[in-house]
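Shared between the two complexes below is chain A, which pairs with chain B and chain C, respectively.
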Partner chain A sequence: MIPFDFSYYRPDSAGEAVALFQDLDAQGKKPLYYGGGTEIISMGRHNNVDTGAVIDIKSIPECGVQEFQDDSLVIGAGVTLTQIHEANLFPLLAQAGARVADHTTQNKITLGGNMCGSIVYRESLLPLLLTDCEVIIAGPGGNRNAPVNDIFDKQVQLNRGEVILQYRIPKSLVNSPHVHVKRTKSEKISYPLLTICALNSGQQVRFAFSGLCGYPFRSKEMEQALNDTSRPADERADHAISQLPEPMADNLESSAAYRQFVLKGSLVSILNELGG
Partner chain B sequence: MLQMIDEGLIELNINGETRKVLVRPADTLLFALRERLGLTGAKPGCENGDCGACTILLDGWPVKSCLMLAVEAVGHQITTIEGLENPPIQQAFVEKFAFQCGYCTPGFIMNCQGLINNHPEADEATINEWLQSNICRCTSYQEITAAIKSVLQKNPA
Partner chain C sequence: MQFLAVGKSVIRKEAWEKVTGQAKYTADISSPELLYGVIVTSTCAHGNIKQIDIETARSMPGVRAVITGDYYPILTGSVIKDRPPLASGKVRYYGEPVAVVVADTEAEAAAAALQVKVSYEELPTVNSPAEAIKANAPLLHEFVDQYQKSIPEVYPQANSNVVHHVKIRKGDLNKGWEDAEVVVEGSFTLPMSDHIAMETRNAMAHILSDGKIIIRTSSQAPFPVRKMISEQFGRDLGDVIVHVPLVGGAFGGKASVELEYLAVLASQAVGGRKVIISISREQDIASFPVKIALEARIKLGARRDGTLTAGEYTYLVGTGAYAESGPRMANAMAMSCTGPYKLDNVWCDALCVYTNHTYATAFRGFGHGSMTFAVERMMDKLAAALKMDPVQIRRKNAVKPGDTTPTQVELTESNLGNLQACIDKAETLINWEQGQVQYVGENKILARGVACFWKTSSSPTDALASAVVTFNSDGSANLQVGAVEIGPSTKTTLAQILAEKLSLDISRIHVEMEVDTGHSPHHWKTVASMSTFMVGRAVEEAADDALKQLLSLAAIAMVCAPEDLMVENGRIAYKDNPQEYIEFADIAHGYKHANGSTVGSQVIGRGSFVMPHLSPMDQETGKGKPGPYQTPGAQAVEVELNTADYTYRILKAVTVLDAGRVINPKAAQGLVMGAMSMGLGLATREELVFNQKQELSNTSLRTYKVMHIGQQPEYIVDWVETPNKAGPYGARGLAEHGILGIHAALLNALSKAAGVELDQLPVYAETIWKKVEEGRS
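Up next is the complex of A and B:
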């Protein structure tokens, strides 16, 4: 039971959603866009969400798209992880999404919600970071497009009132050789001790990580180290680990030392599998 | 645009019938089913998306009703355990002794029915992936797996 009240709106267009957000914001309702609602409901039950209105994005036509358009795979922010897995148009994204929470919950979690939520892992974001895809955003200033690596830098970088409508992923990368690794403390369904997505773009192997630090990331320095073909794989892995953007997480899922051990082994086996 | 500002009546399509139900916009579907409509088959367990005891079908797919607002279900087809008309999976749970206390059973059966609807040719990995969404504290897992497999094997495919 959610112990406080809020209003619910399900607009039929992006323009209507943005105008509604501004109106509700001006009334002091602290509106929230609502994707799958899994985080809003589960945190709301503990009074950890402060809102007087939610704006469900699932009837905005752009948010439900999942198709190839010209040179891009376009996926709406309201598409669920199950829909992505079933369509399997971007196998690495399908695989990563299929390890977020459990299968039934994946029927509800949306791609946009997994990126914009406050739970730090955001595992379905990793394949998007690897493709440098474009994010299509609607907001009070109109629509804008921005690279995903700008929109997500340690946290989501959206202006107040902005909503993510779609991701435009380069078609040339969706079937690239890839590896997805998720390691948990014990249960298969759990938050990750580490998650790695790697994709061979043809020029180099790209890596994105979750669980290692307080946010998911892709690091140019680590990618450079891992693609230094003049060195053997285990030296490359050691060098990459020394370039982590912040100290290794040390928490209930794993000690920092064990995480480092698992990370090194995973990096070496990914390099062996994908070349680079 | 669908909007619900305060507590009020909404219409939900449940088990093939249109039902009017008085809810707050912040009420979960699980709450509406149990406390407002007397459909107590969906069980509250964790109310946090972890246990699957509250699973129903939404447009044929399993959803945890504790992670869905009642108003969010407007315009969709809801099926609860009360709406099943003795399909093979219910009989299979009896034949394979796939429950002990029974608390998790409606949630497991709805999830299994969702799998049968959507993937009648499901392989072992798919069965395992789907069943991991539910928890049985009496640990009837082997028997539940045997029940779903027995139904899938009977499919003409």
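Up next is the complex of A and C:
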């Protein structure tokens, strides 16, 4: 039971959605764009969401696309993790999404929602970071495109009223050799102690992480360390760990020390599998 | 002996209702007159309430009343009256109810609840059972010795956090140590955890204009609810009517009276209108009673051949902020403190202590599970010290008829069962002969562990059960009992007992699922795995009573003596000529002669049962008979440990218990599997985590983890059947027992596999890693 009232809108176009947002915002409704709604509903129960209106993006045609177009795999922000898993056009993304929450929730969670929500793990973002994909954004000033690594830096970097419509992923990378590792405290369906996505682009092995710090990230310094083929895998792993962008998380899922132990073991085994 | 209904896997009577969703639980009721209550809870774990501002909340839309602790200041508790239903003056745990808002809709009540502002003056907290007994520990209850006792046998210590102390003094401990050639010691820690019944707690109440209080609640204890409400609100017992429909799981968590007080108070505050309070999962975990914490120390002495000579046990039972059933669980641990092993020299001190955590109540196993964890880890430590096989040391010391319990009850084949036979079967089922530890691949160790258990109930000595059997004119029978259907198919099992006694097909026995204290016969509580035993005995007596009436009517109809007749398939026939008979239908509402005149009337059988010869435990020695019989058993686990990262996979879990007689095999198997699953949940992931300020960190199922379907190992359940002469068809209780030793069996296996001593629950990969690292440095 959600103890506050809010209006629900389901516009048919991006332009309409953006206009609605501006209008509702001006009315002081604190509107939110709505993907699968899993966080808005579950946080609403605890009154941890403050909104008077939600704008469901799932009827915006661009948001529902999942297909190859020219050199890109285009996935709409309103496509669910289950749809991505079933289509399996980008196996690493399919795998990462299939370990976010449970299956019933995956039927609801959207690719855009998992990136833009408030739960910090955003594990389906990791494969996107690895591909340097392009993000198509609609906003009050019209549409714009930007690299995903600019749109997500510690948190989502969108201007007020902007909404993500699509991700354009380089087709050349979707079938690259890859590894997905998710480790939890004990239970399969749980927040990550760590999640690692790794992808061999041909030139190097790229790594993106969730659960290690307060946000998911890809780190050039760590990738450099891990791709330093002059050193053995476990030295590379140690060096990479010393380059973490912030101190290792220490929380309910794991102590920092154990997390480091698991991280090192995982990195070594990924390097052994993907070379680099 | 050939049985008609006993020993058959009868599908539960309410199966269709449940699988189609027609089954109605407490909160599955809506009505335009219904008002909704929402609870405001404490955000402080220990503090004086400086101010509660309810004015804003009271003026919000739809709000009918806002009540706080001073509205109706009473103290409650089933052992000692230490708990106000709404905090009064101070709060003692994070999540403690401080106010109830009643409004026209649940949303309005919830919105207003957010506007109740409470300010606290924070007090230092007691963070663990060990801290509770420190010399200068903060006191949760300043005058614990002055509280009114609900039972005489509770011994609070003034100016302390100790609400109860129970002792076992059996034999001569010094002699035991003198006889010992090996002495081992160990300490164990188990955290609090939650019941996580699928149906969260909820209760509904209204007060009629003549003062009658009507309650509908999700409870294991409708009769105690009636009694407590009648006492606290000054009503005749009969003027409080408690309805309990089907209950969606309870596991002990619904055996005490909690939410019912708040529902009645809420109704009283709105002039007696009907109010429902449905608790969210988050509040169910944080605010309502949970499982006790335990810190245990055990010292065992043994001869070189493995024979136990002395045992010294200290159990610190953390009951949280209020006692509720904590003291009774301290008793339960003490009375069974040795585990199912022969020990003539025993000292046990079990202390029930307050901490600034959610208060505790019964949990499946009633303290025996926590106690068994410590005892069974100790048995493995002793085996290691003696270089003995863990199965062998258990077999050597297993209790036998002629031995005595820690409370000096003499054991017989009937009241004990056959633990040896359970051990033998479990040993075979887990393939113990393949060794306790096997290397099965790179970084992969397969390990096996065992544990034994025993449990009896610790019921009040006057706990009683009753049953009424009424006959329909078509010869079918209705069964009414006061036991609640909380999930384990109790009512169907009781119907089987009745069907067997009446020699009537099970389909012709109709059981009333709901309990209504206005007309259901009395039953103590649906707890302690005792319903089949206690109510089963009452059903047998009711059946005998009905049969006597049927036989005497049949004797008139068939012109013979009742002794010349026998009962068979819903008929009564001549013993010497079974071809001649009369149907139950022809006499169930009296026998109508050919000329129309009728003899006799409706056949109504009544039966009741109270456990004979129970006595409370002596304050100084523990001597007494707290329970009627034991259910013993042996358990085993097979686990695969990955030594590269210390993750592990449970492959197999085995329980063999002496059920006396299995009345409904599939239902019983399901119960034991469910109990194992719950025990493995405790072993691998379940715990309440309190932060530095003693606020509960994992109040939701996002972070409080339970075993999920698909994650379970292969479960194997098998039985030994040594008749319990006091039980219906020889049956012993078995509903809790699968939980008791399974965590110990797992940790015995993991400790062996990892080469470290794992003595706390739960065990994560990280726990093992940390132990291994400590061992290295």
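The working rule: the second predicted complex is superposed on the first by the 276 of 276 C-alpha atoms of A that agree within 3 Å, B and C clash if a C-alpha of one lies under 4 Å from a C-alpha of the other, contacts with A are read in each partner's own complex, and residues count from 1 in each chain.
Heads up, the rule we're going with is that contacts are C-beta pairs under 8 Å (C-beta built on N, C-alpha and C of every residue); 3 or more make two chains touch, one makes a residue touch a chain.
Given the structure is predicted, the values throughout are model-derived calculations rather than measurements.
Q: Quick one: is A:Ser255 in contact with chain B, with chain C, with both, or with neither? Answer first, second, both or neither.
A: In the superposition, A:Ser255 contacts chain C only.
Q: Which partner chains sit in contact with A:Gly265 here, chain B, chain C, both or neither? Use first/second/both/neither.
A: A:Gly265 contacts chain C only, not chain B.
Q: On the superposed three-chain arrangement, identify whether chain B or chain C touches more chain A residues.
A: It is B that touches the greater number of chain A residues.
Q: Looking at the overlay, does A:Ser7 come into contact with chain B only (first), chain C only (second), both, or neither?
A: After superposition on chain A, A:Ser7 lies in contact with chain B alone.
Q: Which partner does A:Lys185 reach: the first (chain B), the second (chain C), both, or neither?
A: second
Q: Using the touch definition from the top, say if A:Gly44 reaches chain B (first), chain C (second), both or neither.
A: first
Q: In the superposed arrangement, does A:Thr105 touch chain B (first), chain C (second), both or neither?
A: Only chain B; A:Thr105 stays clear of chain C.
Q: Just to be sure I read the superposition right, which of the two partners does A:Glu16 touch: chain B = first, chain C = second, or both, or neither?
A: first
Q: Contact-wise, after the overlay, does A:Ala26 reach chain B, chain C, both or neither (first, second, both, neither)?
A: Touch partners of A:Ala26: none, neither chain B nor chain C.
Q: Output the chain A positions appearing in both contact lists, the one against chain B and the one against chain C.
A: Comparing the two interfaces on chain A, one with chain B and one with chain C, the shared residues are 1-2, 4, 45, 188-189.
Q: Within the complex, which stretch of chain A touches chain C?
A: Touching chain C: residues 1-4, 45-47, 183, 185-191, 252, 254-255, 258, 261-262, 265 of chain A.
Q: What residues on chain B touch chain A, complex-wise?
A: Interface residues on the chain B side: 1-6, 24-28, 31, 47-49, 52, 55, 58, 61-64, 66-69, 71-72, 111, 129-130, 132-134.
Q: Would you pull the chain A residues touching chain B in the complex into a rising list?
A: 1-2, 4-12, 16, 20, 36-38, 41-42, 44-45, 54, 56, 59, 82, 98, 101-105, 107-108, 188-189
Q: Looking at the complex, which residues from chain C come into contact with chain A?
A: Of all residues in chain C, those touching chain A are 106-107, 110-111, 114, 280, 282, 644-645, 684-685, 689, 697-698, 702-703, 705, 708, 711, 762, 764-766, 769-770.
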